[in-house]
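Down below are the structures I want you to see.
Heads up, the next two complexes both have chain A, just with different partners, chain B and then chain C.
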Partner chain A sequence: MTISSSSAGHFRWQRVRSLLISPSAIVLAVLIGSALLAPVLTPYDPITPFPGSRLQSPSAAHWFGTDPLGMDVFTRVLYATRIDLSVAVASVVLGILVGAPLGALAGYTRGWMDGVLMRLTEIMQAFPQILFAMTVFAAVGSSVQNLVLVLGFFNVPVYLRMVRSSALPLRESEFVLAARCSGHSTLSLVIKHILPNTLVPIFSQFSLSIAYAIQMIAGLSFIGLGVQVPEAEWGSMINLGAGYVIFGKWWPAFFPGMAAFVASYALNGFGRRLKGFWVA
Partner chain B sequence: MDSQPILAVENLTVELEAKSGTLPVVRNATLSVRPGKWLGLVGESGCGKSILALSILRLLPPAATVRAGRIFYQGRDLLQASVEEMDVLRGGSLSVVFQNALTALNPLFTAGEQVSDVYRQHHKATAKDALLRAIEIFASLGLSDPERTARMYPHQLSGGMAQRVMLAMALICSPRLLIADDPTSTLDATIQAQVLDVLVDQVRKREMSMLLISRDIRLVSAVCPEIAVMRAGEIVEAGSTRKILGSPAHSYTKQLLEDAELTLQEPSSTA
Partner chain C sequence: MRGIIQRTAWYLLKRLGAVLLVLFGISSVTFLVTRVLGNPVYLLVGHQQSPEIMDNMIQRMGLHRPLHEQYLGYLWSVLHGDLGISRYTFRPVVDDIALRLPATLELVLFAMALIILVGIPLGILAAVRRGSWWDHSVQAIAQLGASVPNFWFGLLLIFFLFFLLPAFPPPLGRLDDPGQAPPAFTGLLLVDSLLAGSFRSFISALWHLILPGLTLAAGAAPATIKITRDTLIQILTSDYIRTPLAYGVDRRTVYFRYALKNALVPVTTVLAMTMGFLMSGTVLVETVFSWPGLGLYAVTAMNHFDYEPIIAVVLISAVFYAGAYLIADVLHFMIDPRLRVL
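== the complex of A and B ==
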C-alpha cells in the first residue's frame, strides 16, 4: 500500500514537473512575470504621451520603438499584458461561476430546467458575439467592467454545457444515490457531490477560454470598443499603430500583435497539455 | 404503539415504463416490519427487491412509478410525504446500505469527510466534532485504525473497509430502520461473514429494525427471524423463518432452498 502510493506520488510529481517546464508554461510565466515587474523593467510611463518622440524606430533606449503619441511601445506591451490577462481571467472565472453550477443543476435534475437552460445557451451561442458586444457597448458604453461582463456572458454557455455533460453520467452513479439516501437535498447534492466531480474538464478548458478571451478583448479594442486609448491594451495599440504601417513604421502595431499572438498560442498549448495531464 | 409496524408496505405495485408499454416490476407487494424486528426479503436478481427498497425511499429511477399501494413509515404515508420531509428522513431515522460500497462512495472525499457529512446533514455540529463521531463509529465497526481510515479516499479502501464505511454512513445518525440491500454480496466469503457479523451486532445493540434484502436465502434465514420470498415482483410467501425452512408452501421457495442445499431430507430423484 505504502509502496504503491509513494510511487504514485513520485509519478505524479514527474508529470507536474513536465507540465511546468513545458515551453508554453515557460512562455506564460515570462509573460506574467514581466507584466508584474513592468515598473522595474522599464523607466517609461505607459500612458503619458511625449509628442517630441513620436514614431521612433526600435533602439537601445526604446526596444520596441515609440508609437504615434511618443509612448514607449515596449513599456505599453508589458502594461497591456496586465489588462489583457486580468480581464480575460476575470471574464472566464465569471463564466465558470455562473455556468458550472447551473450546468450541474441542469444535468442532475434534467426536466424543465434543463430544457430551458439548453435552449437559452443555444440562443446565446448562435448569436454573433462581436455584434452582441457592439450592441451592448453602444447601449451602456464601453468600459473594462462592461468588457468583463460581456465576455463572461459569452463564457457561461460554454461551461454550462460542459459541466452538464459531465453531470449526466454522474446522475446515474451509485454514490449520488447513496448521498441522496443520506439526506442530501437536490441543491446540496449538486454542490457537494456533482459539481466537484466535474472540475477536471473545467480546468482544461480554462486555459483555452482565456486565450479566446484575449483575442476577443484585443479584437473589440481594435475596433474601438472595450479598452480605450491611452490605456495600454494590445488591440487598441494595434489600432493606434495600424495606420502607420504603410509608411514603413511597422513597430507600433507589430509588437502588441506579436504579444497577443504569443500569449494565445502559449495558452492554447498549455490548455492542450493540461487536458493530457488530467486524462492520462 | 409497539404492535404497530415501523414499516408497512401495503399492496404496492410499481411499474416500469418501457418502449413496448408498461411492465409491472413489483406486484401487489405487502410486507411489514415491527419495531426492533428484522425481516429478510429474498429473491433472485431482477425480481424487484431493490425497486421495492427504492420505492420505500422514494428514490425510484425516472422510468419507474408507483401505480398503487401505500407505504407507511412510523405511521406516516411516505408516498404522500413532501420532498423536504423525505430529505430529513433519509439518512436520519431511515437509512440504507447498498451492495457495492466502493462505487457508493464519492471518489473525491475521504471516508471521514463523507461519514461526518451525513451527520452534519442532520445535526448542527462543527466539522471537527462530526469527524470525531465518524471515527468513533469506525472504531465500533471494527476498523482497526479508525483515524487512518478517516483520512483515506475510497480508492485506498479495501472492499470490506468500504462496506464498513458505508455502514458507518448509515448508522451515524442512529436510524430506527435500516434497509440493507444485499450489503455483502460483492465481498468474498470470509469478509462477507465479518461484515455481516458487524452489521448484525450493531443493529442489535441499537435495537433497530431492519429490512435485509438478499439473493442468498441461507444468509437471510441465518439472520432474520422472519422472511418474505419474492419472485417476479410478487411476494409469494412470507412468515417465520423456522416455518418456511421447515415446510415451504410455495414451489419457488422449495426450489430456492434446494439450490441452497438446506433441505437435505428430500434428495431430488432426477439428477
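== the complex of A and C ==
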C-alpha cells in the first residue's frame, strides 16, 4: 500500500515537472519576469513622448524602434505586459467568482432558477461581444476598471455553464446524498461539497480564458476603449502604429501585436497541457 | 400527413419564439445599460455643464419620465423602425444603417464563403486522416490562428501585400474610385457590377474585398475548423460507421451516405455560430481597412459620443445572428427525421 502510494506521488511529481518545463510555461515565465523587471531591463520611460525621436526604425538604441510619439516600443511592450496580464487575470477571476457558484447552484437545484439562468446565459452568449462592450463604454465611459467588469461579465456564462454541467451528475452521488441526509442546507451543501468537485474543469479552462481575454483587451483598446493611448497597452499601441503600416513603418504596430500573439499562444498551449494533466 | 404539418408548424413556432426571446433580451439589456448604468446626458454635454443645461436636455430627451415608460417608448420606436437620429451625421440612424449594411454584408458573406470553401474542408480532411501529417498541420495552423489578434493579422497583410509587394489596393474603402460604383440594386458591389455588366468595377470591388475578407475569415476559421474536426471524428468512430466498414461496405457509400448525413446537423450549427463570430469581428476588421460598413459606423459614432447608432448596430447584428440560428434550426428539421417524429 505504502509502495504504491509513494510511486503514485513520484509519478505525479514527474508530470508536474514536465508541465512546468513545457515550452509554453517557460515562455509565460519569461513574459511575466520581463514585465516585472522592466525598469531594470530598459532605461526609457514608457509614457513620456520624445518628439525628437519619432518613428525611428529598430536599432541598437531602440531594439523595437520608436513609435509616432517618439517613445521606445520595446519599453512599452514590456510595461504593457503588466496591464494586459493583470486585466485579463482579474476579469477571468471575476467571471469565475460570479459564474461558478451560480452554476453549482443551478446544477444542484435544477429548479426554476436553473431554467432562468440557462436562458440568461443563452442571451449573453448570443451578444456580439465587441459591440456590447462598445455600448457599455458609450454609456459609462471607458476606463480600465470598466474593462475588467465587462470582460468579467463575458466570462460569467462560460463558467456558469461549465460548473453546472459538472455539478449535474454530482446531484445523485452518494456523498451528496449523505450530506443532505445529515441536514446540510442547500447553500452549505453547494459550497462545501459541490463547488470543490468542480474545480478541475475550472482550472483547466482558466488559462484558455486568459488567452481569450488578452485578445479582447487588445481588440477593444485598438478601437479606443478601455486603456487610453499614453498608457502602455498592446492594443492601444497597435492603434497608435496602425496608420503608419501603409507607409512601411511596421514596427510600432508589429511588436505589440507579436507580444499579444506570443502571450496568448503560450497561454493556449499551457491550457491544453493543463487539460491533459487533470484528465490523465 | 396533417400531423406532420402540425408538428412542423409547432416546432418552427417554438424556435421562432426562442429567437424572439433572445432578441427581446438583447434589446432590454442594451436599454438597461444605456439608461441605468449610464446617463446619456453626460455623454452629450460632458460633465462640466450647468444644471440648467442638464435639466433642459433631460426634459428634451424624455429622461425625466419613469423608467418603465421610457422602456415601453423605446420598444415601441424600435419595433417601428425608429432608431433615433445620429448626432454626428444628422440623419436618421435607420437611413445610415441602410446605407452601410450592404458593405458589411458583402464582407461577411465573402468571409463565410471562404470558411465554407476552405475552412470546413480542412476540418473534414483533418478528421478523415486523423493522426496523419495533414491532421497535425491543420491543427497547428488552427492553434496559431486562434492566438493571433485578428486586426493585427490584417495589418500584417497590409504590410506584406500592399506595401512590400503591391499586389492589392490600399486599405481604403471598397473601390479604387467611388465614381466607378455600379448602379445600386443589392448594394453588394460584386453583384451590382455584374448586373451592370461592368467588368472593371467587378475586378476593383473583388480586389478590395480580398484582404479584409481574408482577415475576417482567418479570425473565425480556427474555431470552425476545430469544431468540424472534433464532431466529425466523433461520427467516424461511432458504431454505425465502424460496423458497415467492418462488413465490407464500400467506403464511399459509408462516408457519403452515413457519415455526411449525420455531420450535416453539427456543421450547420457551426456555421450559425460562425455568423455570430463574423458579425462581431467585422468591427475591428472594418476599422483596419476603413471599410464603410456597420462596424466602422459604430466605432465612428462612439468617437463622437453618439450612442444611438451603436445600439442600432448591436440590434441589427443580433437580428442577423439570431436569423442564422433560425435558419440552422429549420435545416435541422429538414435533415434530421427524429425531430419530425418526436
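In this text, the second predicted complex is superposed on the first by the 280 of 280 C-alpha atoms of A that agree within 3 Å, B and C clash if a C-alpha of one lies under 4 Å from a C-alpha of the other, contacts with A are read in each partner's own complex, and residues count from 1 in each chain.
The criterion applied here is as follows: contacts are C-beta pairs under 8 Å (C-beta built on N, C-alpha and C of every residue); 3 or more make two chains touch, one makes a residue touch a chain.
In this text, all values refer to a predicted model and were calculated from it rather than measured experimentally.
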| item | value |
| --- | --- |
| Superposition on chain A - do chain B and chain C clash or fit | fit |
| Angle, in degrees and to the nearest 10, that opens at chain A between the C-alpha centres of chain B and chain C | 100 |
| Partner chain in contact with A:Ile123 - chain B first, chain C second, else both or neither | second |
| Partner chain(s) touched by A:Asn197 [first = chain B, second = chain C, both, neither] | first |
| Which of chain B and chain C A:Cys181 touches, first, second, both or neither | first |
| Contacts of A:Ala242 with chain B and chain C, given as first, second, both or neither | second |
| Partner chain(s) touched by A:Ala253 [first = chain B, second = chain C, both, neither] | second |
| More chain A residues in contact - chain B or chain C | C |
| Contacts of A:Ser173 with chain B and chain C, given as first, second, both or neither | first |
| First (chain B), second (chain C), both or neither touched by A:Phe222 | second |
| Which of chain B and chain C A:Asn268 touches, first, second, both or neither | second |
| Smallest distance from any CA atom of chain C to any CA atom of chain B, in Å, after fitting | 15 |
| Overlapping contact positions on chain A, where the chain C interface meets the chain B interface | none |
| In the complex, chain B residues that touch chain A | 57, 59, 62, 83-84, 87-92, 95-96, 98, 100, 103-109, 117-118, 121-122, 156, 166, 169-170, 173 |
| Complex contact set, residues of chain A against chain C | 119-120, 122-123, 126-132, 134-141, 211, 215, 218-219, 222-225, 234-235, 238, 242, 245-248, 250, 253-254, 257, 260-261, 264-265, 268-269 |
| Touch list for chain A against partner chain B, complex | 1, 5, 110, 173-175, 177-186, 188, 192-193, 196-197 |
| Of chain C, residues touching chain A in the complex | 21-22, 25-26, 29-30, 33-34, 37-40, 43, 143-144, 146-152, 155-156, 158-159, 162-164, 170-171, 276, 279-281, 283-284, 287-288, 298-299, 302-303, 305, 307, 310-311, 313-314, 317-318, 321-322, 325 |
